[in-house]
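Across the two complexes that follow, chain A remains constant while its partner is chain B and subsequently chain C.
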Partner chain A sequence: MLTIEALDKVYKTGTFGTSDLHAVRKVSLDVQRGEVVSLIGESGSGKSTIGKMVLHLLDSTGGSITFDGRDVTRLGFRARRDYYRKVQGVFQDPFSSFNPIFKVDRTFETLRRSYFPRVSGAAWREKLEEALGAVSLEPGDTLGKFPHQLSGGQLQRLLIARALLLDIELLVADEIISMLDASTRIDVLNLLGELKGRGLGILFVTHDLSLGNYVSDRVVILYKGRVVERGATAAVFDDPLHPYTRDLLASVPHLDRTWEEVEAEESARSARLAGRCLYHEALAAQGRALGDEVAAGNTPADDVGLVEHAPGHFVGCFRKAADEECPAGV
Partner chain B sequence: MSLSVTDLRVHYRTLRGDVKALDGVTFEVADGEIMGIAGESGCGKTTLGKALIRLDTRMKHAGGTVALDGEKLPIADDGAMRRHRYREVSLIPQYAMSAMNPTRKIGRMIRDLLAAHNVRYADVLPELERRLKLVGLDIDVLKRYPIELSGGMKQRVVLVLSTLLNPSLLIGDEVTSALDVSSQKAVARALVEFRDHGFVRSMIVITHDISVLFQVADTILVMYAGHLAEKAPARTIIDEPLHPYTKMLIGALPKVGDRYEEQQLEGIEGRPPSLLDPPAGCRFRARCPLAHDRCAEAPPFREVAEGHQVACWAVS
Partner chain C sequence: MTATQPAAAPGTGTEATEAPGAALAPSGSRKPGGDARETLYFALRNPKVVIGSVVVLAFLLLGLLGPLFLKNAPMDYAGPPMAPPSADFPFGTTTFGQDVFAQFVAGLRSTFLVGLLGGGVAAVIGMAIGFVAGYRGGLIDELLNMLTNVVLVIPGFVVLIIINAYLGVRSVPMQALYIGVFSWPWVARAVRAQTLSLRSRDFIDLARLSGVGVGTILRREVAPNMYSYLFMTFVLLFGGSILTAASLDFIGLGPTNAMSLGLMMNQAVQWSALHLGLWWWFIPPGLGITLIVGSLYIMNVGLDEVFNPKLREM
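Showing the complex of A and B:
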């Protein structure tokens, strides 16, 4: 449904935009209906930037974003409005998504004014209650209240309800549960799982691996704007290949294993993969050297391609940052 | 006995009345113990940390005592606390790394801080450099401005500078939050190392992230709405919690490997009560599946096994 091809984003930084910051480098991924795809990365990995480009809050520098076969990389004002009927986003801080001066109902009223001006009051009310029911909120408990009277989890679910009012097909969820307490966090995650069951595609942006793992079907691991590994959730988490993914998984605080135990497991895999690069090995196995690739124009010159290591499990060159050397010395 | 807190009550003065953020907590932290405090936002964990070092103008000491190494801390008397602060009790407040003076180099900032406590910078410099190296920082950071350091580096600088005078007790409030997992691990490791080297005798680590506590803490104290719910060794809290709140809280945390399709976890219905006028008895009563008539009376926080204390009538 959503396909991103070789997406690039360069921010101008410094005085008068004199230096470039390559935030997203040739990222390709796709999200299908009824599927949760997690974008996992640390700060500065470009995960939010990708989410914002999909939502058209930022312009992309290169590459394309297609939605149902239609290129949506550059949209005019009108076309964008139609696009937002199908694609909506929910962000990290629910408190700053609402205007604290007004009751939460206003968020729904603005939506009604711009998208459903001809719907009657009674029909709208019914629609609204249905959407609130879908996120398991009691209309009596939440409508007519000010944001400070509601909990973070309730506000976050109101925002999801707002997105659902539009019959959306894709939801971009950017760190939507990082600000919530542990006891309400899981409710929002379960809600995402339920929405997925109803055919919604979800791009779930997160830095927390255990949350990404819980709800997603596929994961994309980003490091400094580059996709280093992607594949089915179980494949990536059970058999992480890229050094960055392995580091990340070894650093996550687990609830059932101490860091020492995780490191002991990890060291065996590290020893097996030390000084190797599965990306270049796979290229060599296909009888091609990287130089040929670039010359033939198949691979981008900055070498951000991925190879399919196992069915559905892709991994990139074992360098960490784009300007580092490949550990295999290719 | 390093720290012993008895029936401590700290209230916040507001226009609508007193918010009873800390309503009678009693616990002890042993020598060399790293105690983690976990709980949801608004449960009083930060208030507890702050109460041990300085009550700000909104906070009111409504009762109870705090004793450190057998000596009573005058927590309500700001002037008298000055003698203990930093030397005996040190706090790393929330967002400490963002609170560094941006116009001062790190070294200069540490010098100012030490001067405020009548300690000469030159005297502690060798030790300072040794500790910076211990946490994996170059001594050149002293010549840098805070903006030149990453979040994890800043947090490690804060850790080093707040323990420079070997306090008896260090309180770290959300020291690993807002960091990437790799820096989080480095900072958490540094905390344990500082205790092992004896730079601090015991430690209280406050965080909402229980998985971090499981990695660093010896014991975990779970708080709920200004009361204590349970205290036990870290592994016991994770594997065999007794208090219904702890059980539900741990049950709501996805482990790496848990999947929505295979095993659906459940959150906790409802919200914590308002602390402006909290209900009598057990505060978890309204959300508790085991609640019965007796819960209208506040359960005592008592020891049910060696080192395992619980406040619940249903646990015997």
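Showing the complex of A and C:
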């Protein structure tokens, strides 16, 4: 449904925009209907930037974003309006997602004025209550209140309800759980699961590995704007290959295992993969199959591609930052 | 300006007592005009707003309706010279026997005209440029910023003197217009800065996701957060225009065919009213300007509480 190909985002920084900052480098991924894809990465890895580009809130520098076969990288005002009927987003900070001087109803009213100008007040009210019911909120408790009178969880669910008022097919959820406390967290997570069951595609942006593991069908691990590993959630979490993914997974406490066990497992895996780069090994193998020409090193140093290590499990070059050397010395 | 503070107290407000406004317009039966009605409700409950607007409106009414009931024209030599306030001449007379009260009422008219027109022109130009520059960014921002800075470094008062002297502008509206055209740059800069900080907030992105255009976002999402600030800007421009006009009047570049409060004070100084003890000649215009501008300030403080629900006592 949503396909991102070689997406780039470059910011001009420094005096007179003399230097470039690569926020996103050649990122490719796709989201299908009824599927949750997690974008996992630390701060500054470009995950929110990707979300914003998908929502057309930021312009991309290169590459393409296609939705149902249509390129949505450059949209005019009308086309964008139509696009937003299908694709909506929910942001990290529920408090800043509402205009602080207006009651929360106003957010829904904006949507109504924009997309449902002909719907009568009573019909709209019914639709609104249905959407609020879907996120298990009581209309009487939440409507007619100012944002500072509601809790973060309530506001976050109001925002999801807002997205549900439109008949959307894709939801970009940018860190929507991070601001919630544990008790409301599970409600929102379960809500996402339910939405997925209804055929909604969800691009779930998070820095939290366990959340990614819990909700998603597939994960994409980002580091410094580059996809270092992606694949089915189980494959990536059970057999992390890229050094960054391994570090990341090794730093998460487990409920069922002690630290020593995790350490031991990780050091065994590290020993197995030390000084290697599955990406360049695979390229070299491919090159041998294709002929010596490719093996002679046609891969440029800043290569940000991925190879399929196992079916559906892709991994990139084992160097971490883009300007580092590949550990295999290729 | 407090309206732009991010909400910082998650979940503490839920058990707050029901606001009187919410009781007035229960959430179950909200009408489209509910927000405006509620704003008016809080405005009328705020003593600062009420006192400020009563004073300003009283002066406005006096200026508008006063001349209809006066028997003397402002420039007529109507009575005895240098007469103190009496039943016939409530504010006394000038050195030439002109009715000070008649001058005061006529001066109020042109003062309001200069303030409204000059302040209005400056506010419209400054806000339009500030909003567009701050929201669009990029090249448009750079160009508009350049224009703003160019006008900002022009010594406006000197230019006004030259314009007034060379073009021989001698009517109150033209004077107001010129004042307006040269006093907007700081408004543009301030509005641009506020817009820049508001633009990065998530609710602006959410409005964009609702498929509404730039104009609507500026009008319905950005501007309301700055209402009290915009009003304060207008108050400052209003007062500034009046003072600039008074200064121009003072150096003899004021209107020749009308009376203004600035002109009254100028004439009072010119004819040594201070030394002659004719306090009734210069106190009323000075007090008039002070009261009008001061009331607008007080009104502004009150309106800040009205527009920002977090400042309301509840």
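Here is the rule we use: the second predicted complex is superposed on the first by the 307 of 330 C-alpha atoms of A that agree within 3 Å, B and C clash if a C-alpha of one lies under 4 Å from a C-alpha of the other, contacts with A are read in each partner's own complex, and residues count from 1 in each chain.
FYI, a residue touches a chain if its C-beta (ideal position, glycine included) is under 8 Å from a C-beta of that chain, and two chains touch if they have at least 3 such contacts.
This structure is a prediction, so every number in the text was calculated from the model and none was measured.
Peer 1: Putting chain B and chain C on the same copy of chain A, do they fit or clash?
Peer 2: When both complexes are placed onto chain A, chain B and chain C end up side by side without any clash.
Peer 1: With the two complexes superposed on chain A, say which partner A:N213 touches: chain B (first), chain C (second), both, or neither.
Peer 2: A:N213 sits against chain B, while chain C stays out of touch.
Peer 1: Check whether A:R185 is in contact with chain B, with chain C, with both or with neither, and answer first, second, both or neither.
Peer 2: first
Peer 1: After lining up the shared chain so the two structures overlap, which partner does A:V31 touch, if you call chain B first and chain C second: first, second, both or neither?
Peer 2: neither
Peer 1: Report for A:S151: first if it touches chain B alone, second if chain C alone, otherwise both or neither.
Peer 2: It touches chain B and chain C both.
Peer 1: Could you tell me if A:I176 is touching chain B, chain C, both of them or neither one (first, second, both, neither)?
Peer 2: After superposition on chain A, A:I176 lies in contact with neither partner.
Peer 1: Name the contact category of A:P100: first (chain B only), second (chain C only), both, or neither.
Peer 2: second
Peer 1: Touching A:H254, do we find chain B (first), chain C (second), both, or neither?
Peer 2: In the superposition, A:H254 contacts chain B only.
Peer 1: Once both complexes sit on top of each other, what is the least C-alpha distance from chain B to chain C, rounded to whole angstrom?
Peer 2: When the complexes share the chain A frame, the smallest chain B-chain C C-alpha distance is 6 Å.
Peer 1: Enumerate the residues of chain A that count as touching chain B in its complex and touching chain C in the other.
Peer 2: 151
Peer 1: Which chain C residues qualify as touching chain A in the complex?
Peer 2: The touching residues are 3, 5-11, 13-14, 16, 22, 26-28, 30, 35, 201-203, 205-213, 220-221, 224-225, 307-310.
Peer 1: Tell me, which parts of chain B touch chain A in their complex?
Peer 2: Result: residues 40-41, 151, 180-182, 184-185, 188-189, 208-212, 214-215, 238, 248-250, 252-261, 264-268, 271 of chain B touch chain A.
Peer 1: Quick check on the complex: what are the chain A residues that touch chain B?
Peer 2: Of all residues in chain A, those touching chain B are 42-43, 151, 153, 181-187, 189-190, 193, 207, 209-211, 213-215, 233-234, 237, 247-249, 251-256, 258-259.
Peer 1: Help me check something: in the complex, which residues belonging to chain A touch chain C?
Peer 2: Answer in residue numbers: 52, 55, 57, 77, 80-81, 84-85, 88-89, 91-93, 95-103, 105-107, 110-111, 113-115, 140, 143-152, 159, 162.
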